[in-house]
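Both complexes below contain chain A, partnered by chain B and then by chain C.
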Partner chain A sequence: MSSTSLVFRVVERDIKILFSDTFLIGIMFANFGIDLFVTAATFGNLIGYSYFLRIAPGSNLITAMVAAFQSGRDIWREKYIKDLASYLLTLPVPRRLFAVSRIAGGVVRSLIATFPGTLVISYLYGILFSPRLIEAFVIVGLFSLGIVGLSMSVSAFASSIEVFATVRSAIQLYLSFLSTIFYDVTLFPAIVQPIVQTNPMTWAMQAFRALGNQGSTLYPVSILIGPSVAFALLGMGCYLWYARL
Partner chain B sequence: MSFSATQVKDSNSLPGGDSTSRLVLQMARRDISTLFRTPWIIISRSLAFIVQLFVFAYLISGFVVKFPNYFEYYAVGSVVGTIASISFIIGYDIFEEAEEGLLDYLLTLPISRRQFIIGRALGGAVRAMIYTIPMFVIVAVLEKFSNPLSLAFAVFDLFLLAFGVTGLSITMAVSVRSANRFDVTLALLELAVSRASTALYPLAFMPGYVAAFAPYSPVTFAADSARDVLEGTGLNLLGIAGLLAFVAIFLGLGATFYFRRLEGGVYA
Partner chain C sequence: MITFNRAGKRFGTLDAVKDFSLEIQDREILGLLGPNGAGKTTLMLMMGTVYRPTSGAISVDGLDVVRHPNDVRKLIGIAFQDPRVDGILGAFDVLNWHLKMTTGLNKEERTERVEQVLRAVDLWDARKKRTWLMSGGMRKKVEDCKVLAQRPKIAVFDEPTAFLDVPSRLLMWKMIRELREEGSTVIVATNMMDEAERLSDRVAIVNLGKLVATDSPERLKGTTKGGEVLELIVGDGQAFPRELLAQFSEVRDVTQVENKVTVYLSSGRLLLPKIVETLTNKGVKIDSVHLKEVALEDVFLSYTGQRLE
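The block that comes next holds the complex of A and B.
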């Protein structure tokens, strides 16, 4: 079997796991709905409609983050709860290819979970029926790549679900509040600004805003690639370390 | 999520024998000690509170011109939201105990089912209070709340909310069977009760479809009641009545579901 088919098989397995409980996808969309139509809408009323549009993509990216962490959680459960890790390692797939496939599987799962949300944001930004819709999915995919990598790293080192949940919460805080979802980078103290500027959420948000302004996404997307690929490599490295016997 | 093998000590060794209240307190004590054995939860929730208050609320209040003193408004609400959030943790504990088989051991203890359930709910509420009090003190100092009676009433509001949410969380833990489903459902519920409430923003600014439900959220009852009493507006009797009803309903439901699962469900 070729490498590509092996990757597809592993990705297919991850997608099947996602769809084994469609309730979960519904709940993720409900999370997105609350974030956008309750929290963002209320802040829009408090501050102004333009502010609602400004923070709207954050709701979808937060859903992508939740979906990406769900992949890491599944990997953690495979090892500690279901005791499946040994079986998976006996499969005729080279370890590196397997690690790459798990990351790809996580990204695809994230894209599926955020599919309705991405359409909603694209509608709000007036690009639903434009070729730029593809760019919106590329941004979500790239952002998810980094977060899947991070969640796989956490799953490799977390010895208990409490540790996994705590690190996940800390990363979620970093992505949500130390990024430009709610405010501009210049509002942060100078010492915090480098943290905000290296946050993948910052660049995913900038890219979405560029879409809304009919501008070019090339610059924010090219910067987003940096942390996303770095986190994905970290995740791959950790997964390989975790998969050693 | 804070699984612990903390054992309930032999109640016969306690001075005063096996009185109902003593056994309930013994169960509650176990849950309280569990919280301190899982510092991760305390660290993550404290960090979340600090970042939300001193980064998010501080920066965003600069944008909010339609509602004066938004930071002060948010500060009280963030404590209310946090206590609701931490009170949900008891559900994770109960779910995990069932998964790990510890529940079977707990059921062999010389304590009635009713005492067991009330003790769990009380323990969950008390530990949420212990955890949230330092945050409440920070907010009280920031906003210069100094009237002891007002502070006591506000703490009472928080306790009622914690007790009710604990019941809600227990109900969820014994109603949902899949671990993944339970995790995301509880997270969604936590998000829904705190976001669709007046904890973080005033009712007047919510979209109509949220404003129609938000007044009936237990978090709204607690947030409005705590704000009223702390700001000296008066005692919010409606809020307190709402909280009491919430406690009665969900503690009752939690107990009923728990009984069913214990006596005839998957753990029988």
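The block that comes next holds the complex of A and C.
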């Protein structure tokens, strides 16, 4: 079996598990709907339609973040609750390839969970029927890559589901409120501006806004690659550490 | 051939397996017999490349498990003691994915093989039922079916009939034997005496992480002193005068666990009345007497000094 084929087969399992629980997918889409059509729309009514459009992609990226963390939670459950990890580790897949597959599986799951949301945002930004729709998916995929990596890192070290949930909440706060979802970076206190500027959510948001303004996404996307790849490598390393022979 | 060469595994300060040496021949059914915590699962996980041995070496078909883990994994299929299946998936999906990962079968071949094993264990009608909704016995069958459908070169079953009813146990033993007929080497870890005795060509007794004895069940029983066992239940709290039995040359060994005295001997039928008479004359209260041929359970007791139950 080729390496690519093995990766596809591991990813296939992750997708099958995602689709086995359609309730979960429904909940994620409902969360997106509430974020967008209640929270963002309310802020939009308070400040103006342009502000609604400005923060709208945040709803979709938060859904991507939730989906990405579900991959980490599943890996944690495999290890501590179901003890599936020891079974998976007996399968004839080289460890590194297995780690890459788990990250790829998380990204694909995240893209599937945000598929309707990405279409809605693309519609709002007037790019639904243009080739730039692909860029929207690339942004969500790149962002998810980093968050899946982060969630895998947490799953490798969390000794209980409470620890996992607490660390996840802290990361979600960082991604949501130390980013430019709601405010421009200049509005943050100077001391936290460097954190905001290295937050992958900031650059995913900037990339979406560039799409909305019909501008180039090259700059924000090229910066987004940095933390996303770094977090993905961190996740891989942690997964390999816990899956070591 | 699988070779354990002074293999050991230490978790912190605990030696789960220590100085374990054993060779397992191709197409052999080896019963790994020992109580819970004896180190059976650790041995299998070391062989399956999940745990790295902390000392010694293990090779599978000449491949070192540390240096060539992925090549080793291609040869092995492990059915775990506690079913390791995705609860949210049905039995068909679990087995189909397992075959996808471990064999080069195409879709039709996989479907055929999954159907074959699921029908054999009477789970075909429940193939779409989520495994977490299944009973413990059904889940265990699914776990065993992973290896039965995979037909690996080396098939490992950890307590393959735990949670199964009697007909299912007999069926599972038959399927495991058939797997060997098809060319697999089979390792069965169990703490059930009858399973080890009826299924294995050879039994390895493991206790406290060490190999205590290994041979065919018949030979192991033959080596146990005398070939017969006399079990006496004596009055509670009564000291048993072992020295009284030393006068009989046919008596090879005497052990006592609480009020149960086990006498290993030969010519038991002739000797039984004399032993009972001697003991009662000395005031030993005997509640019951049972003479039987040596069973594997007695072998285990004689080697380890403890019972499996």
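As a convention for this text, the second predicted complex is superposed on the first by the 244 of 245 C-alpha atoms of A that agree within 3 Å, B and C clash if a C-alpha of one lies under 4 Å from a C-alpha of the other, contacts with A are read in each partner's own complex, and residues count from 1 in each chain.
Following the convention adopted for this analysis, a contact is a pair of C-beta atoms (placed from the backbone, for glycine too) under 8 Å apart; a residue touches a chain by one contact, two chains touch by 3 or more.
No experiment lies behind these values; they were computed from the predicted model shown.
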When chain B and chain C are modelled together on chain A, clash or fit: fit
Touched partner set for A:Asp21, first chain B, second chain C, both or neither: both
Partner chain in contact with A:Ile161 - chain B first, chain C second, else both or neither: first
Partner chain(s) touched by A:Ser86 [first = chain B, second = chain C, both, neither]: second
First (chain B), second (chain C), both or neither touched by A:Pro94: second
Chain B versus chain C as contact partner of A:Arg9, first or second or both or neither: second
Which superposed partner A:Phe37 touches (first chain B, second chain C, both, neither): first
Touched partner set for A:Phe137, first chain B, second chain C, both or neither: neither
Superposition-derived comparison: chain B or chain C, residues of chain A touched: B
Partner chain(s) touched by A:Tyr51 [first = chain B, second = chain C, both, neither]: first
Closest approach of chain C to chain B (Cα atoms, Å): 9
Chain B and chain C contact sites that coincide on chain A, given as residue numbers: 21
Of chain A, residues touching chain C in the complex: 1, 6, 9-10, 12-13, 16-17, 20-21, 82-84, 86-87, 89-94, 244-245
Footprint of chain B on chain A - complex, ascending: 21, 23-24, 27-28, 30-31, 34-35, 37-39, 41-43, 45-47, 51, 70, 73, 77, 81, 160-163, 165-166, 169-170, 173, 177-178, 182-183, 187-188
For the chain B and chain A complex, residues of the former touching the latter: 1-3, 38, 40-41, 43-45, 47-48, 51-52, 55-56, 59-60, 62-67, 70, 96, 178-181, 183-185, 187-188, 191-192, 195-196, 200-201, 205-207, 209-210
Residues on chain C engaged by chain A in the complex (per definition of touch): 45, 48-52, 66, 69-70, 73-74, 76, 78, 80, 82, 84-89, 93, 97, 100-102, 104, 130
